[in-house]
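Below, subunit A partners subunit B and then partners subunit C, in two separate complexes.
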Partner chain A sequence: MSEAMVLDIKNLQSHFFTAKGEVPAVDGVSIQVPPGKIIGIVGESGCGKSMTAMSVMGLLRYPGRVVGGSITLEGRDITHLSPRELSQVRGNEISMIFQEPMTSLNPVYPVGKQVREAILLHQKVSKAEAKARVLDIFRSVGIPEPEKRYYSYPHQLSGGLRQRVMIGMAMVCRPKVMIADEPTTALDVTIEAQILRLMKKLCEEQGTSIILITHNMGVVAEVCDYVYVMYAGKVMEQAETFALFERPSHPYTQGLLKSIPKLDEKAERLYTIEGVVPNLLHLPKGCSFCTRCDQAQERCFVEKPGLYEAVRLNEPEVGGRESVELNEPAAGVRESVGLNEMATGSRKRAGLDESAAGSQESADMQGMAGGGSRKPGECGHAGDGEDSQGRAGQEKEGQEPGSQGREVREKAETHTRRDSGQEPASHGVRCFRYESGGQLDE
Partner chain B sequence: MLNRVLKRIAISIPVLVGVVLAIFIMLRIVPGNPVTTMMGEHVNPAVIEKISREMGLDQPLYVQFFRYIANALRGDFGTSYRLNRNVTGIILEAFPNTVKLSLLAAVIAWLIGIVSGIVAAIRQNKLLDRLFMGVSLMGVSMPVFMTALVLQYVFAFKLKWFPVSGFDSFKAMVLPAIALGWNSAGSIARMTRSNLVEVMQNDFIRTARAKGLRENGVIIGHALKNAMLPVVTMMALQLSSMLSGAVLTESVFGVPGIGRLAVNGIETRDMPLLQGTVVFTTILIILGNLIADLLYNVLDPRIREGA
Partner chain C sequence: MNSGERNMDRTEKNVALLEARHLVKEFPAGGTRRNPQVVYAVTDVNLEILEGETLALVGESGCGKSTLGRVLIRLLEPTAGEILYRGRSIVGMKETEFAGLRREMQIIFQDPYASLNPRMNVKEIIGEPLLTYGMKDKKERETRVRELMQEVGIAQEFYNRYPHQFSGGQRQRIGIARAIALNPRLIICDEPVSALDVSIQSQVLNLLKDLQERYGLTYLFISHDLSVVKFIADRVCVMFLGMICEIGETGALYAKPLHPYTRFLLNAIPKADPRLRSQEKELLSGEIPSPVDPPSGCRFHTRCPYAKDICRQKAPGCRKVGERQVFCHFPLG
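Showing the complex of A and B:
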């Protein structure tokens, strides 16, 4: 599975060493990016989205640095590259566009030259040829009059045009992965749609994978194939986009989705998740989200849910959470889970899903699981359980999550989104919410 | 662009006239009759009066002033009382020495200032940074005559590496140039460093890094041009003030330049000479400002646009 991934981030930890203490801005994040897909990372400000991206790019500056985990780009570990090696990867194999198109371009050089520089840095071509390529990419990102715009200075362009230039710069070397850090946050909504469409189009044309960082669930719904929900430096939940919207598992994700105002509902006040992201220096003792979670139990406040990892089927204790195989997520998800998780998954569904399909599935699943388990549920990755139980050994590895997911969903009788979304999924925060079945069955 | 230049020049004219008026009045207010200074104390008052009349000093002030302006417009700044020569000629004779001294000093100041500023910015808060900034603080805060005297004492008097004074060989120019440039080097270094550190915080620096530029490329290629905008302006202003006569440096090292002319003019109450040097100096400073302004235009596309 991991061989198929373009970018494989495992248990990434990036800390900031400040005078007040060590801040775990990115705290054990694992993200897998399949080729040609758009992966969304959502979360509130300060949840570590951008820091994850900066870590991948090797752009973390003092006092922050990557302290653990690994980043693998097409099988090559790029976590600890020398500055020279890193500079060959940046802008060439992984590129990045930023939130602030207004300030992300150098004000004293024409934009064409700035894009051309990216080509000249990574490819042995003449200046004239590089310029021709810049004009090509300008055309494909929809910049009108590229010959004229080539010589424009950033202040002469609108925000949307500048972001197009940035996208052009990021795509001009045909990178394998492009990280877009809130690329449309600073833009008009109308421009936003254009830019998103453009990114999606380029991604399809060039086979580039995109990591789209955003706090906007609408953006996620529009373009992402797969979503990671981050909170306080951790991945809380991950799922295929469709599945995430249909059945969010983690209370945080549920809160995020509930916060989207709906036109057809009359509400006095819009829903909000109370409170703010906790100070990473003083995280709650238990789950990072417990202070704001409306479903938190006593246990959530005292016990850290911890991260779960993929577990190999051939490990002695199947489903044992301690037997973590960080280095082998490939083996992971599909074969990874024991009965306990299955039960969990089904219970979750039983509790949450009102839809006929959902309850149907739940019923089936409960039957399968035998209903006995009391293990903590997994929010991060809903449903390895059923899947492995039902299908371990049948599914081929290396399938892309999206396509596979859809097929499966259509056919599924006993399998739900978990089948689909899980391919890259192997990691997340375990939520105690499903610990006691009673609570959920209420 | 041309419009802008013409506008700037037009604005400069009242400034120039104002300066001439001020110096003209001041020289008439200070005690001491130039004729007595010129001829000595014990001269027949009738003679003094006669000479004063010949020189037009008996005329009302405004007449003298307009006469002066009228002559100046023709390039005639009068005749030095003391040297009995045309002031324009004297200034043009001394000016090349000042130019040589200033250019050498400026090159030294720019090289040392910019390089150490960049190094300090790159090694921010490290030993080299603190060392350079400490030395540059000394450069900024030491008065130029003190620097000049220390250099003269150590390198000319004690070590005998350079002549104590004079300006007839390149060797003789070195110490005055260092003394004159030292101060500028310090302020350029500090300004380069602080601007560079500030510019490095910008988003476009992150973009340059993300593009795959290595750190040196980021600094030289992307940060420096932005950081140097104000520094270049300062350098142009410094050069114009050096050119308009390093009074102290030229006095200490006995350089026969504009600065020394001005001092001579003051010492001997040589009004035409002093007036001439001051007007000349003013023109140079106005030109320096103009050039600094235009340089900013050339370097910064955003300002160019606004013109």
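Showing the complex of A and C:
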């Protein structure tokens, strides 16, 4: 069922072979990117979020290397492409924008020419035609006076405009996936809001999927559809955005959310996660978060937790929300309806028909009710979310698995796109407290 | 001077510790001799920092907030205007005379990597202000440095370590220890947590708050992050392109911004709650104008959707709405 995913990262491992030892910067990360969605990767510095992106782009430098796992772009494994093959994929099917637009633009060429270069490299068009397309994309990313700006050098543009140029460059070949590594961190809030809105617009209009890497939970809440929270090279929690903020389940996610000062309340003290991010060379033997976790038990220090489905625990939750029994079917249905309402909302925005929505909703509820009595042995493989097998496996069989490219993509958009069985991330948590939910990865 | 005493005489708030009157700071920015260009970094600012409070200075990059912070403690000399520290004018004061006051004003910088000398170890970094201000005895200095380390939460065994051996959060703690070493009254915190991760940020913010309580410190907290400001500040001063837009008590200002710019700024912050995103927000269009060639009249008028003719011609004066000061011809509400 991963065919419908534009980008499917499975159990990715990127290590750095340094003089001091092997550093597992990315340690078994699985991320699914469905078409036309914005996937957020959040975490503190050094958690491996940028390295995941660099691995996908094939940009890892010595001493770093992808040592395991696979990266599949529309059914094609791009993990071990030759540099030449890779350069055809990069910038064309998958592109990237970086945090600091000044350093990623060439200071001695006008920005228009730099964007044109991207077209000329990947497509057989005349220079004049390429220029026309550059002007088009400049207009659509909201650069005023595109004809004039075409000949501007990077230093003549403001930070916001430079980032718009970068986004234009990344979008000009209509890639399937765009990776944005902290695209707004260097910008002011009013400009940040503009850029985020622009990215969301492009994502909706052109059906490009975006992987948004950020440390800012606010940015995630603002634009992302799904979120992966990373810590020390691992995904600690993955969930649909609303679910994550509604019910943060991993102690790390809870801590992160609690330590952000809130705008609507005045606190005397902020919640803090004690300690610092561990050195990747000397990770704790068990859960990598155990040294800072306020809920750690003995087991956490010796055994590594897997990724479990985030079930509602019986204990009262930290967020103060009512706790609901795990196997109570009503709760499951209620929740699935809640999620579906949101999905329906976005479906309407995307202009998809209502009837499909209705049928999926019912399929969804069945899936949910069935999900309660699942045995842990029936787990799906490699982060795919065994839940999705149970929920939507049958529907998916009608789809020929071999076909690739645009066809599948269109199909995915019209037919299976919002099918919740396609959700890349059922709510998964890397914490023993949720072991009863069943393991999602291997 | 012990802190207990100082707390006593600070029971009465609302006494201005530092006061700026018509403060102007301009930088030369090239151009030709006949037609020199000038960056108007701070233009005609009137500001009071009250004893024991935290006043936040917020605004986007290039709005002059850091420059203002530095001018206020005379790290930069103002082009014009007056600064009163506890009633005494410090502009143009002789260096020998000012030295005694300078120890009462300290600053914490944004970048914990750049603001510590890589060739000095912790003992030297924290001990340096003590040495400069006459604590020649080594033993005495060591006791005080260790005391300060404990105060800011750095383990004693790191006494001889160098900055590169610390994480960003710990370095910022060292910077804070250095700033409080001389028992200052006023600390300018110039984006002290912007370079830190969220989980570390909250630790440092809590530390700053604790220290303020313990020593009765007054903070000028410069930041672009409005949620951090909301947590730490008693009053907020919003700046745009060298001018003050609005000054007011934190809660009231956040609840009901009177200057259009304040409202747009608050609107633009990405909130950590996805339910809030569906509300179609009004966003500010356009870019920040250049401080070399600032717009006439109200400097915000090029981006302001409510701008009228008078905004283009005349800079707005200060209007008082209760405790609040707002610099706008047509305040909201």
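Rule of thumb we're sticking to: the second predicted complex is superposed on the first by the 309 of 442 C-alpha atoms of A that agree within 3 Å, B and C clash if a C-alpha of one lies under 4 Å from a C-alpha of the other, contacts with A are read in each partner's own complex, and residues count from 1 in each chain.
The rule we apply is simple: a contact is a pair of C-beta atoms (placed from the backbone, for glycine too) under 8 Å apart; a residue touches a chain by one contact, two chains touch by 3 or more.
Computed from a predicted model, the values in this text were never measured in an experiment.
With subunit A as the common reference, subunit B sits beside subunit C without any clash. Once the two complexes are overlaid on the shared chain, A:Phe98 sits against subunit B while remaining clear of subunit C. Annotation for subunit A, partner touching more residues between subunit B and subunit C: C. Once chain A of one complex is fitted onto chain A of the other, the partner contacts of A:His122 are limited to subunit B, with no touch recorded for subunit C.
Between subunit B and subunit C, the smallest C-alpha to C-alpha distance in the superposed model amounts to 9 Å.
Once both structures are placed on chain A, no subunit A residue is touched by subunit B and, in the other complex, by subunit C.
Per the touch definition, subunit A reaches subunit C in the complex via residues 44-45, 158, 160-161, 188-194, 196-197, 215-223, 241-242, 245, 255-257, 259-263, 266-267, 269-273, 276-277. Of all residues in subunit C, those touching subunit A in their complex are 60-61, 167, 169-170, 197-203, 205-206, 209, 224, 226-228, 230-232, 250-251, 254, 264-277, 281, 283-285, 287-288.
Against subunit A, in their complex, subunit B makes its touches with residues 202-204, 206-215, 221-222, 225-226, 229, 299-302, 305. Per the touch definition, subunit A reaches subunit B in the complex via residues 57, 59, 83-84, 87-92, 95-96, 98, 100, 103-109, 114, 117-118, 121-122, 153, 155-156, 166, 169.
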